[in-house]
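Look at the two complexes coming up: subunit A is in both, with subunit B in one and subunit C in the other.
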Partner chain A sequence: MAEQKTILVADDESHILNVVSLKLRNAGYRVITASDGQEALDLAVQEKPDLVITDYHMPRLSGIELCRRLKQDAQTRGIPAIMLTARGYHLDEQDTIDSGILQMLSKPFSPRHLLVTVNQVLERVAA
Partner chain B sequence: MRLGKLTSCSLVCAAAGMMCSVPYILRSGTALFPWGWMASALYLGSAAAGAAQILIRDRNDRQLLAELQEHVAALTHGELPLPQTVAAAARKLVDATEQALFDLRTRTRELELQLGVADAARSHAETILEGIANRDEEVSEMKNTFVSMVSHELRTPLASIKAYIEMLIDGEAQDTQTQGEFFEVIQNEANRLGRLIDNILNISRIEAGVARITFQRQCLQDIVSDALKAVAPQAELKKIRISEHLDAGDYQTSCDREMIYQAVLNLLSNAVKFTPGGGAITVESGIASSRNETFLRITDTGVGIAPKDLPFVFDKFYRAESGNQITLGTGLGLSLVRHIVQTVHRGRVFATSELGRGSCFGFELALDAPKAPKGTIASRDNAYAATSLQ
Partner chain C sequence: MTQTGTKLDGPPETEMFPAAVLEKLAGRLRPTGVCLALMRPDGTLFYADPVAGAFFTRFAVPAVQQNAVLTEKLRRLNAGAPVVAFDSLPGILLAAAPFVQRKQVLAIAALLARPGNFRLGEDVLQVCGRLALDAQWLQHQAESLAPYTRETLSRQTALLAGMLQDQLKLAGMEAELNGMSEQLANSYEELSLIYQISGGMRVNRRASEFFRQACNDVLEVLNVRGVGVVVQGDGPSRVDPVVYGSVTIPDGLLRKLADQLLAILSARKAPLLANDLAADPDFSWLSGCAGRLLAVPLLRQDQVLGCMFVLDKQSSDFDSVDSKLLHSIANESAIYVENAVLFADVHGLMMGLLHSLTSAVDAKDAYTCGHSERVALLSRHLAQQLNLPDAEVEQVYMAGLLHDLGKIGVPETVLQKTGRLTPEEFEQMRKHPQIGARILADVKQVRPLIPGVLHHHERYDGKGYPSGLSGTNIPQMGRIICLADCFDAMTSNRTYRKGLPLEVALAEIRRCAGTQFDPAMAEIFLRTGADRFRELLRNHAEKSKQLLELQETLRTA
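Right, the complex of A and B next:
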C-alpha cells in the first residue's frame, strides 16, 4: 500500500486554507498548513512534505521566495511546488528552474481542478 | 483703403502750387500734368473730392465734403474761384486727410493690440484645453483603475462562494457541523458582496451628483443610537464593550438620515471588526467646542494604523500592509463615509491612531440654528427668524 503523501499548504487567506486542506484530506492526503512564508519554510524543512502548494502573496516571505529557498537547500530540493496566483503572473524559464514550481494555478480556482492537478504532479514526480 | 493716388504731401504741394500758379506734379505714379492751374485745380478738386469721400465717410464730416463738392461744381461750371478759396479748401482737406490717417493709424494700432490680446487669449485657452485633455486622460485612467479594482474586489467574495459551493456539491463537507460552517461562510461572503455593491452604487451616485438626498433636521445622537443597536450583536460575539457618551442636548443638524446612518454604521462596524475580542469601544457624540458643529467620535482599542497609512485611510480600496490582516471589509466603507460627510453634507471626517494602541475615527457636521419655539415654522430659511424670536 502506498505511503500516505504529505502536502504543505501555505496561504494567508484562511478560507483558501480551509477549502484546500479539507479537499486534500478527504482525498486521502495528510495536510499541514502555514499562513505566512516563513512559517511555511520552517515547516517544510522540518516535515519534508511530498508537495508544496503556496500562494504568491504572503506576509514575511513570498511564495516565489519560499520555493527558491527550498530549491537551494539540499534537503528540500526535490520537493515539487504548485503556486496559486491571483493575477496573471508568469514565470520565466530561469524562475521555473530556480524555484522548482511545476504548475501555476490562477485564482479563483476550483477545488476539483486543484485535486486533479495535485494528483497529476505527484504521479509525474513518482514516475 | 484706397488713399492710393493722393498723399497729404502731394495735396499740400498742390495747394502751394495753386497759390503760386505754378504747374504741379501729381504723384499718381502715372503722369505729369503740366497744365494750367485751372485744369490742375479741377483735377485736384475732383480727385481730392473722391479721396475725401472715402476718407471722410467715417468721420461724418459732411460739411467739409459739401464745401469741396461746391468748389468742384463751381469749377465745372466755369466759375473760377479765387485761388485763396481753393487753397483754403485744399488745406482743410489736407488737415482732414491727416486726421483721418492719424485716426486710421491709431485704429490699426488698437486692432493690432486687440489681435495681440486675442492671440494671447487663444494661446491661454489652448493651454487650458490641453490641461483638460490631460486631466480627461488621468480621470479616464483612474476610472479604469477603479473599474479593475472594483472587479477584483467583487470577484474575491464570489470566488469563496463558488469554492465552498463546489465543495458542498462534491460532498466534501461530510458532517453537519462542517456543512453548517460552509453555509455560514457562503452567506457571509454573499452579504459582503451585497454591501460592496451598495457601497459602490452609493459612491458612484454621489460622485455623479445623482444621489437621492433628503435633508431633514435630525438629532445626530438618535442616528448614533440606532447604529449602535445594529452593531451590538457583533460586538457581543467578540465580547467587546461599547460605552456610549451621547450628549442629550437638544441640538439638530440638517442631514439625510439614511446617509448619515450609513456613515455612522460603517465607522462602528470598522471599530468592531478591527478591535480584537475583549477590547473596548467608546462612542461620543455632542456639540463641538466650536459650538457650531455636532460631532461623532469613535475610539477603539484595536490594532491601530501606521502613520504612513493614516493619510490614506479614507481612500477607495486602500489597504494597509498590515502583514497577516485578513481583509474583512469591502475596502469602500471609509470612502463612502468621506463622500457622505464631506461631499454631501459639507462636514469633516477625521482619523487619528496609534499603532498597537487603537484608533479614533469621527466626523463633524454643521449645527442648525437652535430649535424654533412651538408655533414657529421650523425650516432652514426661517432659522434666522427662529433665532430672533427667542
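Right, the complex of A and C next:
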C-alpha cells in the first residue's frame, strides 16, 4: 500500500476547511488545516506536507505570500500548491510562476473537481 | 469461556457508544492504571478496554463477567444512584456509575483497578483456579499497577461519567458537522455547475452547442450513464432529442421517450423519478437501454419548454439531491431557451426592418437595383476574409445594407440624373453619408453601424468625404464598405450602361490601393479572385430572383 499523503489546507473560512478536509479524508488523504497564512507556513515547515491547498485572501499572510515563502525555503520549495480564489479574480501569470502555484480554482469550486486536481497534481509531482 | 478484548455484540450499545469514542476514552484512562468497562442496564458487560493490560484482560474482566452477584447488584442501580464502589470482590476494585439520559439508565460506566490491599488470599486463588491463571504471575501483574482506594476510584469514576457524556456529544457534533459539510459540498458542486453552464449561455450560441456542453457538464458531475435533452416546438432553440454518455438509445425509441416525457412533464410540471424502469408501466419498453430515469421539465412561467433527463446513475438510485441539482440546471437551461427565442424574434424584427429600409432606398434609385444587398454581401465576405469576429461580421453586413440610407434625403432628380452633376447637385449628393448617420443615431441598437455608413466615402489618401479622414483613421467598417461599394458600382449593370467585367474592376481596385483604398485590405479583397466573386454574386442573384418571384406570386395570388 502506498504511503498516505498529507495535504495542508489553509483557509480562514471554516466551512471551506470542513468541506475540503472531509472530501480529502474520504479520499484517503491525511489532512492538516490552518486558518491563516502564518499558521499554514509554520505547519508546512513542521510537517512537510505533500501538497498545500490555500485560499488567496487570508489574515496575517496571504495565500500568494505563503506560496512565495514556501518557495524561498529550501526545505519546502518542492511542495506543490493549489490556490483557491474568488470567482472572477485573476492572478498575474508571473505571480503564479514565481510562487510555484500549479493550479488555480475559483470559488465556488466543485469539490469533485478539486479532488481530480489534487490527484493530478500529486501524480505530476511524483512523476 | 474467558473473553479477552471484550467487545460484546448487540447493536444498541455500538450505536449509542461508537467504538471510536470508547477507544479514545479508554486510552486516556489507561495510563492511570484503570480499565474502562461498560455494562448494559441489566448489569451484563458489553465493553472492556481490550488493551488495558493482562491483569485486567485475563483476570479482572473475566472475573467480573462471571460474578452473578455483582451483575445483580449493578442491575439494581437506579437513575439517581451515585457512584458505587465494590471492594469485596476478590482482588479487584470496581466503581460504577449509572449513565443516564432523560432519567433513564442507558448503561453503567465502570472503572476496574487494583485494590491497595491486593493479596493472594483464598478467594483470589479460587478465581485463579477457575480462570486457569498462575497465582504468582497474577501477583506479579498486580504489583506493576498503581493501587487504588475506594475513594480515589470513586472520584475518578464520577469524572468518567461526565467525560463519557462529553465525548458522546462531541462525536454527535462531529457526525453532524460531517453531514453538513457533505451537504455543503453538494451545494458547491451545484453552484459551480450552474456558474459553468450560465457562463456558456450566450444567446447567439447555437442551441445544440449549448445543450451539448450543458449535458456533458451534467454527465461529469452526476456520474450517470446518459444525459439527454428535449425541446418542444420549432424555432431557434429547436434541438432534436439527443442523449449523451455511454447509454445508447435507438432513434425511434429516443423519439418515443421524448414524446412521452414531454407529455408526462407537461401535465405534472415536476421532476419524474423512476428507479425501476422494468417495473414501470410507462417506461418498461426502455428497460433494454437503461434501468433508472430522472427527468425534469424546462419550465418558464408555468410553460413546459422541454425537459432534461438522466439515465442510470452509477452505483445507486436517483435521489432528491440529484433531482434538485438537475432541476437547477434545467432552470438555467430554460432561461437560455427563452432568451434564444426572444433574441431570434428581436433579431428577425431588426433584420426585417433593415431590409425594408434598404428596399425603400433602392426603390428611390432605380439605377442601383439591389446595390445595397450586394454591398452588404461583399462587405460581409471581406469582413470574413479579414477574420473579424462573428459579431463584427454581422455588423459589417448590416452597415453594408444601410450604407446608402441617407439617399432618402437626396432629391430623386439628383439621384437619377445620368449626366454630369452640377456643383450644387454634387454637394447634395455628398450629404448622404451624414443624413444616413443622423437617421441611425436615434436607434440605439444600430448606432454601432454609424461609422460604416458615415465613412464609406472616405479615401485612404484623405481626399474623401465627409470628414477627409485618412489611413487607418478611417473606421475599419468604412474602409470595408468603401471597397465593396466601389466594386459593385463598377461591376453592376445600370439602365444606362453595362457593368465592367470583374477582372477590369479588380485591376482598378489594385490601381487605387493606397490612394482610394486601404492597401492591405485591398490585397485581401483581391485574393478572392474574379471566379469566386462571380460565383458569390450569381448565388446571390438567384436567391434574390427566387425571392422576387415569390413576392410576385404572393401579390397576384
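What we mean here is this: the second predicted complex is superposed on the first by the 123 of 127 C-alpha atoms of A that agree within 3 Å, B and C clash if a C-alpha of one lies under 4 Å from a C-alpha of the other, contacts with A are read in each partner's own complex, and residues count from 1 in each chain.
Methods note: contacts are C-beta pairs under 8 Å (C-beta built on N, C-alpha and C of every residue); 3 or more make two chains touch, one makes a residue touch a chain.
Please read all numbers here as calculations on a predicted model, not as lab measurements.
J.: Using the superposition on chain A described above, determine whether A:R124 touches subunit B (first), subunit C (second), both, or neither.
T.: Neither partner.
J.: Where does A:P59 make contact in the superposed view: on subunit B (first), on subunit C (second), on both, or on neither?
T.: A:P59 sits against subunit B, while subunit C stays out of touch.
J.: Of the partners subunit B and subunit C, which touch A:R77 in the superposed model: first, second, both, neither?
T.: Neither partner.
J.: Given the touch rule stated above, what does A:E13 touch, subunit B (first), subunit C (second), both, or neither?
T.: A:E13 contacts subunit B only, not subunit C.
J.: Quick check on the superposed pair: does A:D36 touch subunit B, subunit C, both, or neither? Answer first, second, both or neither.
T.: Touch partner of A:D36: subunit B, not subunit C.
J.: Considering only the touch criterion stated at the top, classify A:L22 as touching first (subunit B), second (subunit C), both, or neither.
T.: Both partners, subunit B and subunit C.
J.: Subunit B or subunit C: which reaches more residues on subunit A?
T.: B
J.: Do subunit B and subunit C land on any of the same subunit A residues, and which?
T.: 15, 19, 22-23, 108-112
J.: Write out the stretch or stretches of subunit C touching subunit A in their complex.
T.: 177-178, 180-182, 184-185, 187-189, 191-193, 195, 220-221
J.: Can you list the subunit B residues touching subunit A in their complex?
T.: 152, 155, 158-160, 162-164, 166-167, 170, 172-174, 178, 185, 323-324, 326
J.: So in the complex, which bits of subunit A are touching subunit B?
T.: Residues in contact with subunit B: 12-16, 19, 22-23, 26, 35-36, 59-60, 86, 107-112.
J.: In the complex of these two chains, what residues of subunit A are touching subunit C?
T.: Against subunit C, the touching part of subunit A is residues 15, 18-19, 21-23, 87, 108-113.
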